[in-house]
Structures are given as structure tokens and as C-alpha cells.
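One chain, chain A, links the two complexes that follow: it is found with chain B in the first and with chain C in the second.
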Partner chain A sequence: MEAPPYAVFLFPSVSHALKAEKILKKQGIVYKLIPVPRHISTDCGVCLRVAVEQQELAAEALQGMVAWERMVLL
Partner chain B sequence: MKIIVDARGLACPQPVLLVKKAIGENEEVTVLVDNDIAVENIRRLAAKTACGFSVTEKEGGVREIALVRTGAAGQSPAGTGAEAGPSCGAAPGKEAGSVVVVLADNRMGRGDDVLGDVLIRAFIHTFLQLKPLPATIICYNAGVKLAVKDSAVLDDLQQLAQAGVDILVCGTCVNYFGLGDQIAAGRISNMYDILETMAGASRLVRP
Partner chain C sequence: MQPNPGDNHLIYFDNAATSWPKPAGMIEAMNHYSGIIGGSPGRSGHRRSLDAGRIILETREVLADLFGIDDSLRIAFTKNATEALNIALLGLLHSGDHVITSGMEHNSVMRPLRFLETQGVQISVVSCSGDGRLNPEDVRAAIRPQTRLLVVAHASNVTGTIQPIAEMGHIVREHGFLFCVDAAQTAGALPIHVDEMAIDLLAFSGHKSLFGPQGTGGLYIREGLEKHLRPLMMGGTGSRSEFEVQPDFMPDKYESGTPNAIGLAGLGAGVRFVLAEGVEAIRSKEEGLTERFLKGLASLKGITVYGPPDAASRTAVVSFNIAGVSPSEAALAFDERFGILCRPGLHCAPAAHRTIGTFSRGTIRFGFGYFNNDEEVSFALEAIHSLAGGSTEQ
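Right after this comes the complex of A and B.
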């Protein structure tokens, strides 16, 4: 099964990720909290994964609400 | 309902894991396999789960196995202990198939519930990348909450189940939490299965 293309949002802390999660949930954006993929960082961190089509929507929702470090396409 | 499991070309323990799942969900299962180990593993599974078993030789070394559940209707097959689990020619208890994951809580670790919730989601998601996959995942106590309809890890558990991982969900716990109509992954199990599976595992993994 080919994984659909995703974008992940990386945050400066787990608390940021959780705050962002609440916002995405409220906005009805489908997301998944996953460990930061190994090839991106070896930190024991978590990030939020959204479908590529929802990436802009997610970015808009988070803009001004919670800071994210990076957005990476998987 | 009757279904056909085509397990030709699959390496042990995949055939017996697929059959275990299929017979849990269907009254009759027809299985196609191409090796004796798979036949013997499925024969033992049939004996353990009170299923009628017959095997027919087909062309090209293919064996067609017919399994019919003989237990009471709707009763899930009992006994899937890893001690009698798939034997893949390796030393007993050493086969990769007998890694059992125990989800005893809907959080990972103690100390902070919010963090524990983040960690368990990351833990279960990462299991999809583990090779080989565990043979069985057991959910009990608050761990059964991971298998409900609106669980954040439901999709991960369903993918694991699809990949052949047997997911046992403690029936007592489901009943206690009143989640009888909410369980959306795995199959409801009992203390006999849970204990046998844990006692027979070559390794237990607990988050």
C-alpha cells in the first residue's frame, strides 16, 4: 500500500504540538500525532501529520495561534 | 459466511496468522497453502479452536485446507497461545512470531497523563514500522480504550490487524467500562487466551 503524501509540522516543544493539535481538531482538520520521522530528526519528538491537501488549511489555522518550527513533506 | 484465504507463497508465520484472524470472523474458511509447516500450524490451530480440519492435495504442491467452526455460533475461537503458536522451524519460543505486546493502559508510562497519551499514540504508530511485527497485541484494563471507535490509534491498530497481528481485547475490561458497542479493532478475548498468550510468548513488550 502506497502511503498518501503527507506534510508534517514540527514544533519547538511537545506542548506546542499539543496546542496545535487542539486547534486542528477544532477546525475539523484530519491529522495524526506521530513521532518525528527518523530522517528528519533523531530527537524523541512528536509532530503533527496532515494530508498534503490539507497542509495550507492547517497552516492557516495555526498561523498566529501557535508557532511551528518547520513544515516538511514526507 | 465462508471465505478463502490464499496463503501461497507467504512465509511462516503469516499463513497461520491470517487463518487465525479469518476463522475468528467466519464460520468456514478455505485456505490455500504451499508448504507442510503451514499445514501443520493450521492443523494445530484448528485443534485448539475446535474447528473441523481437512486437507486436500492439489496440483503444484498446493494444499487446500477446509476449516469449519464447530463451537457454538458466534463464539470466538478459544486458545491462541503462542506456546502452541506457529512453529517456523526455529527453536521453540524463539520464533519471531511470539513477540507479544501488552497494552495495559491507554497511556505510556506513569507520571503525567497528557504526556502518557502523546507517548502511547507515538508508540503504537511506530509499531507499523517494526520488523517483524509482533504476533499478538493484548489490550486490557484501560488499554481497551485504545481499540474503541474514536480512538486516536484506531487506524494504526486496524492496519496492524490487517497485517496479520492478532489483537486481543479483554472482554471483562470492555464490559467494565461499558464499551461493548464501541470496540472497533481486534477481537474480544478472555483471561484464558490472554494468559496463555502471555505465558507462551518468547518476549513481552510493554510500553
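Right after this comes the complex of A and C.
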């Protein structure tokens, strides 16, 4: 079975997601803000999607800077 | 001196109420938001909603830079400093708690406190000197085992008197209770650093020295304190929509309902202006104008000036009286005869006027701003001279 191509970070609010976006942008990590997939959460907000190989790099960049709730592989 | 009442030649000395004019960038940012962005921040996930959210995040971030706040999400936006102070006071204090404040406070602090007093909160109002200074040692003497909070204005809206905030912050830290600072008059006008000053709750106005529009303000809440601070309002936040209970995290806990996004776009531009000019440069200019004015007043007869004698001990706010002319008469004459806009009366701060001995007469208040200049101050001094000479006192 192939590894999932993307990981998403779920945040408490859009403010958190946008703060995370700013941090990833500064680090040069490729990301996309997408609506939270319905099968992951009933939350109606947005989440940050990164390529799975950048997941650890993204987590390191966000650590201690902005709180996220979960990281899920798509 | 020619009377100068034309609408194009107004001298705006009411910056302590709200600053005017605003930087061009502030108006551009609000136009841009209104004409191009439009979306509801934090609600939908579409590009305009996200752009709106990004603009508000940027406003948080520049404010965090200005106040030395590590995490910009520790700032909750409010419609003004009053709402921020109400969240802090009504949200934190309970029956049995003791709170210390000063005799120079605005009603945005005193009214919530007097209400809380009826709910069983004990209040100590520490007296200030006649020029409005609070002695930190008097604060120390007022501390009780039940003391939960010290709330003081960084500077008085009546006399401009600057309080020794850092000294008081360290006394509060030493005794392990909380420190709330009303920075309505100082945010953008004086350096503020929440850690160096040991501030736990910082309430600020967006439309004064931060050059945002009216309807903007905010409250910084130290990490973890939101667990003990009840929100004033609850409702939709765009987050945790599946739950019917209010989110418990910053800033959503205190930001229910669609925010004033266009106002916050303007506030962001205002704060960027402050950062670009530099608080020190702004302070230096305003202090210079104040010094010029104080020196000029000292040479006039029949004028009583309140607050500290030196410009260095106050913000760009000067309260004074002209013998034989009531503050409201004087303000009307300044406006109609000289085109000078100022504020007479009690300035929503009866406690401060009692301290400086001007209750219930009030004072004339000139609030200078970064966009004022020496010529305007000189013109105002001539106008005051003229009004004082035309005294009608019996």
C-alpha cells in the first residue's frame, strides 16, 4: 500500500491555522490551507495540508510557536 | 492674531479622546478591506475569508511586536479599551476578592469596580498626590491576603500623569497576585513591554495613539489566565462549531460574533505606522509639543495647570483652567473663535478630578498628537492669552 501523499494539521481555530501558515511560509515549507475534510472532523474550519515528507519539518517549525490539535495523514 | 474658525484650518487638540488625522495607510487599508477583501474572517474557508483572517492576524502580530508579547494569539480584540477592561474586571473578580486601584482612574475602571463592590468585591482606592502620581509603596501598603488584582491606568486621561508601571508590576509579582494596566492613553505613545513591566492584563484602545479607527481595542491576557477569566459575551467564533459551549482558548473565548474586520485592518495599518515612525520618535515629538505648551502657559496670568510640572512626567495631555472662564465656555470659544478643538469637563474621570481638586468644575483638556506642530501650540497659547485677558470673572 502506498504511503498517503499528504498530512494535515488541525488547529483550534482559523487564527491558529493562519499563524501556522505564516510560520510555514517563512520557513519555505509548501502548504495549502484547505477546509477540514469531513471524515477527519466535524469542525467547519480550515486545516493546513503539507506533503507527507515535509510533515516532520512542519511540526518542528510549529512546535512551541502555535498550538495544533492533531496531525492526520490523508 | 486673526480668528481662525474655518473648517480647513482647524487645530485638533482632542487626541486624548481619539486621534486625528490618521495616517494615509490606515485609510487605504480600510478602503482595501471594504472594496476588495470583504470576507468574514475565521468563518468560511474561501480565499476572501482567509485573506480577511490574514489581515486580522497581521494586526495581532504587529501589536504583539509593539508590546513585547511572544504569542500574538494572546491578544483578544474588543471594540475599545472599556470593553477590554470590563472583560478583565468582571471576568476575573468574585465576591470575597480584594482589588487595588488608584484615585486617578477613568470610569471605564471605576464603574465596573463600583458594580463589583455591590457583588461583594472589596476595593481599595489608593490616593495619589495632587499632580496625580501614585506611590508604589502606597500600593504595597494596601495589599491584603485576599488581594487578587491591581488595576491602574498607565497614564491619566485628565492630567497625562505617567505612573511607575514597572515598579508596581514588580510589587505585584512579589506578592503573587495579578496586574491589569489600562493603556488607553499610552499604547503607541509610550514604550510598553508586558514582560518587563510584569503586566498580566493589558487593555488598550485602538483609536488613540495606535491610529486605528474607532471601534477597535483589545486585551492582552497572560498565558493560562484565560482559564480564570470569564468572557463577557458568548456566541459564534467560527471554531468548534459542533459544540454548544464557548471555546476555552485564546482568542476565541473573548471574540464572539463577526469581528470589526475593517476596523482591525485599519488598526493594523495604524500600528505599522507607529512601528515605522518608532514609539521613541513619537514620544519625543509629543513631549516637545507638551513642553512648549507648558512653558508658554507658565508665562500667562490667570492660568492654573494641573498634573506634573514637567513634560517628561506626562503624556501629551494638559489640563488647565482659565480664571473666570468655565471650561465649557472656554472650549466653545476655542472652537468658534479660534478653530481649536479640545475637551472640557470631567473627561469621564470624576475620581481623577477629585484628586487634582477640580471636581465638579472640571478642566479644559488639550491632547496633543503626533500630527500637531509648534505653530499650532503657539497659536493656542495666543488664543488662551486672549481668553484669559477677556476674563468675565466678577
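Definition applied: the second predicted complex is superposed on the first by the 70 of 74 C-alpha atoms of A that agree within 3 Å, B and C clash if a C-alpha of one lies under 4 Å from a C-alpha of the other, contacts with A are read in each partner's own complex, and residues count from 1 in each chain.
What we mean here is this: contacts are C-beta pairs under 8 Å (C-beta built on N, C-alpha and C of every residue); 3 or more make two chains touch, one makes a residue touch a chain.
All values reported here derive from a predicted model rather than from experimental measurement.
Colleague: With everything superposed onto chain A, say whether chain B and chain C fit together or clash.
Modeller: clash
Colleague: Just checking: does A:Gln63 make contact with chain B only, chain C only, both, or neither of them? Give me first, second, both or neither.
Modeller: Neither partner.
Colleague: Counting touched residues of chain A, say whether chain B or chain C comes out ahead.
Modeller: C
Colleague: Once the structures are superposed on A, label A:Leu18 by its partner contacts, choosing first (chain B), second (chain C), both or neither.
Modeller: Both: A:Leu18 reaches chain B and chain C.
Colleague: So in the superposed three-chain picture, is A:Val46 touching just chain B, just chain C, both, or none of them (first/second/both/neither)?
Modeller: both
Colleague: In the superposed arrangement, which partner chain does A:Lys32 touch: chain B (first), chain C (second), both, or neither?
Modeller: Touch partner of A:Lys32: chain B, not chain C.
Colleague: Out of 2-10, 56-64 or 110-118, where does chain B run into chain C after the fit?
Modeller: 110-118
Colleague: Taking the stated contact definition, name every residue in chain A that is touched by chain B in one complex and by chain C in the other, in rising order.
Modeller: Residues 14, 18, 33-35, 46 of chain A touch both chain B and chain C.
Colleague: Would you mind writing out the residues of chain B in touch with chain A in their complex?
Modeller: Residue list for chain B touching chain A: 114-115, 118, 121-122, 125-126, 152, 155.
Colleague: Which stretch or stretches of chain C touch chain A in the complex?
Modeller: 41-43, 45, 50, 53-54, 56-57, 60-61, 71-73, 237-242, 247, 249, 251-252
Colleague: In their complex, what parts of chain A are in touch with chain B?
Modeller: Residues 14, 17-18, 32-35, 46 of chain A touch chain B in their complex.
Colleague: Hey, which residues of chain A end up touching chain C in the complex?
Modeller: 12-16, 18-19, 21-22, 33-35, 42-46, 65-67
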